[in-house]
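Here's a structure for you.
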């Protein structure tokens, strides 16, 4: 650990020169249009930020209490790692300016544009350089969080942290540059408004590969039968999903990249209709299949609708949004069950929600809405395929290297005992243990 | 269930033509004023949205853990049902344009106004058509949520869902059109800024009728004595109330329907002063009566102050806001106890908070602030009466029809066992059960 | 209690004349610039508001379940007391206009500036009078909340409420006027952007004095050894920290006091980088020292980074922000352990986070960023010293007076039994008790 | 002396306590337990997979009594805890060799 | 009749229940307990201070059986609960003087 | 062998455990229970209605000991758990017919 600290310190010391100081950031009469849009984009940033709490709550809720501290720890570290790596090099890998369309890099740190010593406000009509960085940085970290849920309850803490740093620092930005950075898939006409593919499928592929490589949790598949392992707190899971829906207002609404009233408000409406339809779709499907309506599925259905609409949230009408969401809600229930039958153990349903519905949403851009058409559908399919193959490959390589060097999975004993004790020596709910003084006990 | 799915699918298929597609929503130079106000109204929409999580947390916290999944399920479904019915017909029932003042309908779906193929931005100075719909839609769903708390722990799930759909889809919009839609009560000069009556009393009457028709929870009133049934999680309840207060910034602040700096900020101040005074009022009352200060009452007091100020939040000064809130805080404590003595079982205090303080707030417009006066007081009283009678009647009819066809109350066995197992087959906190693997247990 | 009510009623009745009514607050064509900035400042206000829920969750999570109701009660009362005292006199103590630099008072109530009968919109370019009050009022209440955590699990409820009222109503505003009110320390060039000293150190000194005067919780230090008393819910604590981070966007971002795009967005970036670095700093330190990475420390590390950057969030570049946060994260871990060794019992780490890192952040303004320099460092040191001595003294006096008249600490029996039963007669999680009907039990 | 240990349904706890109080039993200890018996567990569904939760929540009530009181206590518990349906529970009787009241140090019947 | 009370590890509960079912035992009661024994507790760290949590989570399984079944039950539990490592637990056997089935009022062996 | 089962106050658990350790008892099992006795419950208020919570939280500590150790164990528990106030609790002593150590299969005194 000490060595790790030393290396990290060294690295950051070296990189400081690259982090240009902003000592004289006094602005000179910003335009009102920029000011408004920038306020909106900052609000969107806050909303995307709160998604990290949403993921933390959802994942903690859908897993067992003996691993809760570990989940919370990971989900607290992810935005920290994400923001720092993104500041250090990720942002400039993702938006390298004009480049060869495959790989570009604009240098370490955040060399902000200046004019007359102050921040250059002509950087963009919709936001300042800093807002741009922070909004994109919050986005970046969500991709790693998606993986976190699928590998929960058995992955080693430091292995996961190393994976996350590489995933969010290198894989996500490079893949992102192909489309949002203006790279080759963008030139081909691939469309992904707010990231059904670039964020959700990318995270989803990571989740799938991670879950397969780790293997199932002990006790999940016994003698060929599926043994459900219920999460420990439905209120936490529900809080998580509501916060994620809230965050999606910023995720999709902010992806307009300005406060354009018509476009942003349309985006919010399509987003909400899809979320609502996802809830209904999942409810009808689970009620039909299981006879009892499953809350955890309905929560996943809400997210499914949100992921589904994300690729085309600015391209859809109300009807299309409804159908995209409804189908996503049905899809998620069916794919949770299918993935389980394939004995891939994904405790929180990250693969069905983010991968399956991410693909569905990306293809839906070719089926519904303003861009619908065979040609567009073909391009969307190409994008889905390209991102699938490259992400799966990249994840495979990283996980294999981590496995070879540090190992991936905790010991069987630690898994039974819980990662909270094994990795952290701390319980999530210590009062439930028999501790003198903890209980409220009358004298 | 399968039949239900089929019907629903059919209905939506038929309605799709009415959902006009928004394929070319590219805006043409929106005014800055509209852009600012629209940003504000979108933020207000997010805040009202988060009230649904507030209600979910509060209701779950103030009821027993054996019914928690059921509560969370209902509160997840309500915004979904609310948004979809509101999109399909509710919005156009509530805002039919020029109409006879009693009942009007502008058609199915959301036929948005266009100009030159794009969204008509002259729709309103303060927001776009889409923002208008979404803000109002989020409001609509809150009325149904209020009922949910009062009927908790004993109502059948599908009966509640059907009730909610009718209540939020038909009752709320039609009643709303009388005032906010420009109907006959509006013409008469009835004032209800953000809905002490239109949202809270309407929800509160539904809650009262529902609670009476269902009867008390088993074990609540035994041999003529009141047996308290404490909720299961005070932290959840507290989180709920803070989120509701947060949401109220949008509920009241957004009801200005523009970003007017003076009016919006005044509204936020009156709202907060009333909330703070409600807390103090409830604390003093409960401390005086019960000798011990009851957290659940203080939380209700906060909401009481908020509901109380809602009708006149833009009409009050600081002193008036303080007194309205303080009195509301006292009222809620006294009426919780009175309603309990009348053996109406309202687990979360929905009737005292939303009905009693909704009435108080509506009348307060005639007593305090800019509109105070005998004539206004009379009109406010009329409005209270009209909404009371019609909502009570409507709710009575719906609940009676539901009761006759599907039944209202779960079986006694299911109630004892808990609705989580009975309706959902899922526990809220499965780890508290003795499940091998769940507990963190050293080998 | 009844007497207390009577006095309070009397006091408020007397003060009502001072609360000028805002009956005709119709604005006359506000400028767009004001409207935008005002929207931003209102959003910032909401974010600071939600910090109260953040503190409530964090403190409840890091203490035992037998005292949870008490903590939630205190944290619900604090914003209520804070807002009302601030409206009544605090705001005018803190911003008395031109004054002698040490103590000034602009009168009771909120006599808002008018022009032509309406609110004077030329009050400020960035916000209206009402927004100013509400933003500052939300800030004020946070200082008292900081103390709440350090004295938790043993302080008498009414003693704490009285202390809070005086602390937030008198101490904070008077001290605040020295800098933010344009007083003598402001004239000297002391810099504290958003309150590393004015809010956090002030709260932190209160926390330290309170914790010392109360003494440690029973069972914390036994036979010279430290016996850890783990909090009861890590999820609650984590929710709290994420909400606090969210709130800090408004705390720091709002302290720009306008929507200036360059400055606000820079502030948000420095804030986030420091928070992220604080997490990493605390993780590395705790992992190195304790061999196991402690979640509660990492959560404190996040807050440490945030407190550390607060004094100079608008003055720093990225590199500086990173180092300030990283050092704060390390500092907090070390000082938690040191304070514990000194047998000062601070259950939630309020002193390390708010006092130690508040001092660190204030001094950092003289070390890093645009203002760095020996002279500035000297002035910063002076400010730290002045605020330290005066706050410590003021707190000592208040606590001593409260102790002499009402007593500070609950009885040993009540402490063992828990304050929830002792002060409130209510448990936080009643279902965990053996109550017939509470458990979900099959018939 | 005997120790009577009864496994009953949760919602019968108050009735059993009151019944025992009525016949002069002033002390008892209750424990949350999970029972497995003739009564079958309930089915739960989680993410599409059905499974049986085999252990049902019950309460165990332990009452130490003098020998002469045993029969009265047994029938008092039996009648107050009975619903007539499967899962009503069982009562176990153990011999008790000694009892000590911690506060006073008394032994035997005096300590009851 | 005997009451067999076994302190076992949580994750062995299902195996023990199945093993008992196999030899015809149809009823049992399980209780969450904390054990302290030769197996040392685990170290936890909280805010920089290490401490030992001495009581480890265990399950107690109580089974009432006829005398003739005792040995079979004991060896069934012993073999199904065994991992061979410290902390596997202990089985205690008490004499049971009577059993009552609450639903029917039956006594003794019939009530088992 | 005897099984000593003591109902004590939560905050005395550590003292009792240490006292038992001192006289050479190395194993014990603790269980969260709710007690009802001479000590009256506490009043709670919820939404304006007062009610008595009759069962108070206690801990049951179970210790299996050899016959010759019984008296020492009893007085050790009694003195370490005593505060002198009502509600200190009770100790119950049962006969223990056999003990099995699951890990090794040892029976009787050897298994203690």
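Going by the order they are written in, the chains are A, B, C, D, E and F; count residues from 1 in each one.
We adopt the following convention: contacts are C-beta pairs under 8 Å (C-beta built on N, C-alpha and C of every residue); 3 or more make two chains touch, one makes a residue touch a chain.
Just so it is clear, the structure is predicted and the values come from calculations on it, not from any experiment.
Steps from chain E to chain F, taking the shortest chain of touch contacts, total 1. Between the interfaces A-E and B-F, more contacting C-beta pairs are found at B-F. Counted by residue number, the contact pairs of B-D are over half the same as those of A-E, the matching pair from C-E, A-E or B-F.
Spacing of chain A relative to chain B, judged by their CA centroids, is 32 angstrom.
Spacing of chain D relative to chain E, judged by their CA centroids, is 18 angstrom. Centre to centre, using the average C-alpha position, chain A and chain D are separated by 51 Å. Inter-chain spacing, taken between the CA centroids of chain C and chain F, is 45 Å. Multi-chain contact residues of chain D, defined as those touching 2 or more other chains: 11, 30-32, 34, 42, 44-46, 50, 55, 57-58, 83, 85, 87, 94-95. The set of chain A residues touching two or more other chains comprises 32, 36, 39, 43, 219, 230, 233, 239, 290-292, 294, 296, 416-417, 421, 424-427, 434-437, 439-443. By the touch criterion given at the top, residues 44-51 of chain F touch chain B in their complex.
For chain B in complex with chain C, the touching residues are 32-33, 36-37, 39-40, 43, 47, 64-66, 218-219, 229-235, 238-239, 241-243, 245-246, 249, 253, 259-266, 268-269, 272-273, 275-277, 279-280, 283-284, 287-288, 290, 292-296, 298-299, 302, 314-320, 322, 326, 369-370, 413, 416-418, 420-421, 427. Residue ranges of chain B in contact with chain A, taken from their complex: 1-2, 4-5, 8, 12, 16, 19-27, 30, 32, 34-36, 38-39, 42-43, 45-46, 49-50, 52-53, 56-57, 60, 68-69, 72-73, 75-77, 79-81, 83-84, 87, 109-110, 118-119, 121, 127-131, 133-134, 137, 157, 233, 236, 239, 423-431, 435-443.
Every residue of chain F that touches chain C in the complex is listed here, in rising order: 11, 34, 42-46, 50, 53, 55, 57. The part of chain C that touches chain E in the complex is made up of residues 226-228, 230, 286, 289-292, 294, 296-297, 333, 336-337, 340, 349.
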